[in-house]
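Both complexes shown next keep chain A, but they swap its partner, so chain B is in the first and chain C is in the second.
Now for the complex of A and B:
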């Protein structure tokens, strides 16, 4: 940049030039994004057997059918709700155990994979890749393999969801860890604390509220995942849902009952999680 | 009457942070509010800027009670009444010029500012203001890359970009070393003298108030206990404001370099020190 400008004029010209460059980059990214959206839509619409626009008006046909049948047999709904509660408990158990082990495992992996906190800084990529692997396989694939090996039931589903939870929570947790203030850790190092002491006493108090809310969000996701795994033979409410939905006419009231139970469960988990989180952050 | 504060009170639950604060300002001046931490200085400035709502009382500026403003009128008042914070309160990951341009947010459309689009004239004016404060060379850097004193001057530049009638400064030098504190206080004084803007600064050190302000207001436990020119601010009055005993020395609350020398002299005069 040798255009003879000096002092303030130099500062101005440089700033305007960098601003123009940033705007250019922003504009290009925006155009790319719009192009991706457009081509993606066209491609999806072409591959779709029905066609997006023709199918759009029928989007509520199936829910309407379920709701109308459930409305006709509304008297049986309370009985059905009670009938499905044991299955719901099984699904919740699978999700809870998977989330609990996933939180502990994810917490440990995240500490080992966060720069500045890791016990063996050179091994950070190793733990990161392990977490990537845990996340890479869909739960349903892991569950199908395990069901093939171990037979149906809740244990394969729990293991499959746990593996995924460790990977996903480890990733979230390590991002939380990166935002943790290292000054308390330095303070503990200065008094001669060991690695586990520094982590447990210096980092965990800072990150615990965020851990909790991520873990509870994961619990919600795991309830859904565990319900889905019921479709492939892991038991619980998903198994009941498959029976209700795929038996055709006459069972939509049962499907509605299962959906009501699932929706209520998610609401309860959400309310509990915000209450717990508030208590933890405010130290009450 | 430019500014008239009438019985402004703020209570948090059962504690009273500011109790019936009353004073009037005839014409633009540089006013220092002194007192211990927790005396209600910050709460008062925050009420004036409408960051905190007052519990009761009136705060008339140019004949209008600014405590009752809501919505767009409140935001327009905030743009007229710039605030400078102890911890600078800049956006750390944005560049210095963008931070200064934030001073125009009240005048610009949300859509344009969200995409960081500002008129060329504003950008040039922002750089001119930075130049006036001696930090034009830092213009393209991220705010977080600057030293504390430089960040505080960026915050002052943001305030000036608002073209405000009043500048409120909440402990502007409490996080700075003596050299930077001097630069920042000189800058605030210069802005008052050159632009005629009213400056109200919370200061926890006596000497800064004495040196830079036309008028000093002393607060203790939420009440105004002193209001007058700096020369009326005797050691006895200072003891009353700070609730200190005989051992209180002005140098003990000082941040200026000259005072540091007197502190050293004082320390060496104390036996065994």
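Now for the complex of A and C:
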């Protein structure tokens, strides 16, 4: 270089130059991002049937209507809450079964897709792709198609959520498996254990706490999914919510009861599972 | 079991306690599968699985599967008007104009000869219908003076793929289907593929091969005198009013827009709030507690309920979906970010402070760089999972591909379009998964 700088001055000049360039790039990226967000919101707003600024003052109108009507008919609320318990139980059952089968299926797939544990090492990519595909299916797609074939009821939603759970849990479980210590497996191999025995006695005890923790998290997610699927026609509390809302004014006490049950359930499960997960992963 | 003194160690006690422990473990190991089995039995009846077999419509499933990869062309003879029409899926948009019928239908006046695969053939006209079925024989049908359908079958028992009464004759064969009623005679011939995916029949470009189309684009002889070939093809493809490619593309864009805007705005909202709920940045316990309950509330109310509430205020459309995703994820992000903030290394902040940095600089250079990996990887993870949520939310707020999907399923006949949308959604989710994985690896695991 012929700018006459030497030693510390040269290092400093280089540093300032690279810093300036990085700040420039950062600034440009930031401006682009802000512009993208702004245009995005303008576009979304233009496509919406009601505008953002027109709707903003009314955001609490609906909750207020529901709450005031529920407050007026507070005497009927306990009865309504009890009335909707079976629907809530159905939603919880859908989520529980989907989580249970998802955990078993995801566990099996993840074992078959982890190098060092797989029964058929050559088939590892096949099982990985199967899990990817299961994960990619949005629940609503499977549920709506199955409702057409099987009629309404909890089964279509269960199958839909199960498929997604197998894929999602399988992915998390594979990551857990990769951190498992292979020495117990080697030991079991040396005494002539079969594949199932190696997995069941050598791997499962190591990974079980992490598996359970992910399964609990998935149960939480599945309750929400099962409520949403109910709303698009698959039974359970979501379906009751949709009906309660479509009855409109005068029957908002029913909607309030469903809201209360749903929010309470999600919060209770959320808190319980997070406490349990803390115990599982950090040791009791 | 507490052994206070080695001298009192009694091997029998130890053995007994170990045996008890094993027995307990065995009981637990047995109890868990038994409980699961009992629960499954309960579910078996609670979900009414025995009744499912009766409710399941396997014929629906067969239609669905067949329709998703094949289509049928109807050749219809109207018995009252003595008029013959050829239409793909019986749709008005798929009706062949007079004289342009496919070559497997020969129309002469009010009679038609329909050639089906593998030697099967149907002749129909005002005097009746003749169906030549290979390996079976000839089936004839006509409408008699009493306005009854009279079927004439080969001798022998009536096979179960023929249903005959005096109002209707239905014949289902692997070569095609024939229905005769008093008012009309219909022949269905099945083809593989998605009908009119590129051009509808009223487009001048339909029925041309890829070679012919490419040739038309290159040589420049205008097929439609009013439009250039390429422009015309694009107009007819994009505006194809059976498949609505333009609308589908817009719906996909809306879905991704909801996911992107919802995730990003949630992250932007959650970041400052997370500082307020982190123990090491907000000493005020009341404030911290309040912000945390806000996060719990946002998450606990759940996307579904937010969607319903917001729909009432903002109407139907992608903005409502965006805001619903934003509110739910602000809660989730807030919780994750504040946990990450509580785990930051204080020494880096000390170092920045030692250089005389003000609080803003301390956050910018001491905290944000530590938070960045967690923040980015979570945002990318949520972006991918919100692409899926946006499909479902779209079905509720009436925007995006979710709406198209529910509409196509509810009409219960356009299963080829359902299959098309499902493929698009899968491709979109997998693309997002791939992109987010790529960025995550580049940004976090070393550049």
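Operating definition for what follows: the second predicted complex is superposed on the first by the 185 of 284 C-alpha atoms of A that agree within 3 Å, B and C clash if a C-alpha of one lies under 4 Å from a C-alpha of the other, contacts with A are read in each partner's own complex, and residues count from 1 in each chain.
Please note the rule applied: a residue touches a chain if its C-beta (ideal position, glycine included) is under 8 Å from a C-beta of that chain, and two chains touch if they have at least 3 such contacts.
All figures in this text were calculated on a predicted structure; none of them were measured in a lab.
Asks: Identify the partner contact of A:181: answer first if only chain B is touched, second if only chain C is, both if each is, neither if none is.
Replies: neither
Asks: By the touch definition at the top of the document, which applies to A:93: first (chain B), second (chain C), both, or neither?
Replies: Touch status of A:93: second partner only.
Asks: Touching A:8 in the superposition: chain B (first), chain C (second), both, neither?
Replies: The first partner, chain B, only.
Asks: Quick check for you: in the superposed arrangement, does A:150 touch first (chain B), second (chain C), both or neither?
Replies: second
Asks: Have a look at where A:16 lands relative to chain B and chain C in the superposition and call it first, second, both or neither.
Replies: first
Asks: Please name the chain, chain B or chain C, that touches the greater number of residues in chain A.
Replies: If we count touched residues of chain A for both partners, the winner is C.
Asks: Of all the chain A residues, which ones make contact with chain B and with chain C?
Replies: Touching chain B in the first complex and chain C in the second, no residue of chain A appears in both lists.
Asks: Touching residues of chain B toward chain A in the complex: what are they?
Replies: Listed in rising order, the residues of chain B that touch chain A are 97, 115, 117, 120, 123-124, 127-128, 131, 136-137, 139-140.
Asks: Report the residues of chain A in contact with chain B in the complex, numbered from low to high.
Replies: For chain A paired with chain B, touching residues are 8, 11-12, 14-16, 18-19, 23, 26.
Asks: Over in the complex, which chain A residues touch chain C? Could you list them?
Replies: 33, 37, 40-41, 43-45, 47-52, 55-56, 58-59, 61-63, 90, 93, 96-97, 100, 132-133, 135-141, 144-145, 148-151, 153-155, 158, 224, 227-228, 231-232, 238, 241, 245, 259, 262-263, 266-267, 270
Asks: In the complex formed with chain A, which residues of chain C make contact?
Replies: Touching chain A from chain C are residues 36, 39-40, 43, 46-49, 52, 55-58, 60-61, 64, 254, 257-258, 260-261, 264-265, 296, 299-305, 308-310, 312-320, 322, 388, 391-392, 395-396, 399, 402, 405-406, 409, 412, 418, 422, 425-426, 429-430, 433.
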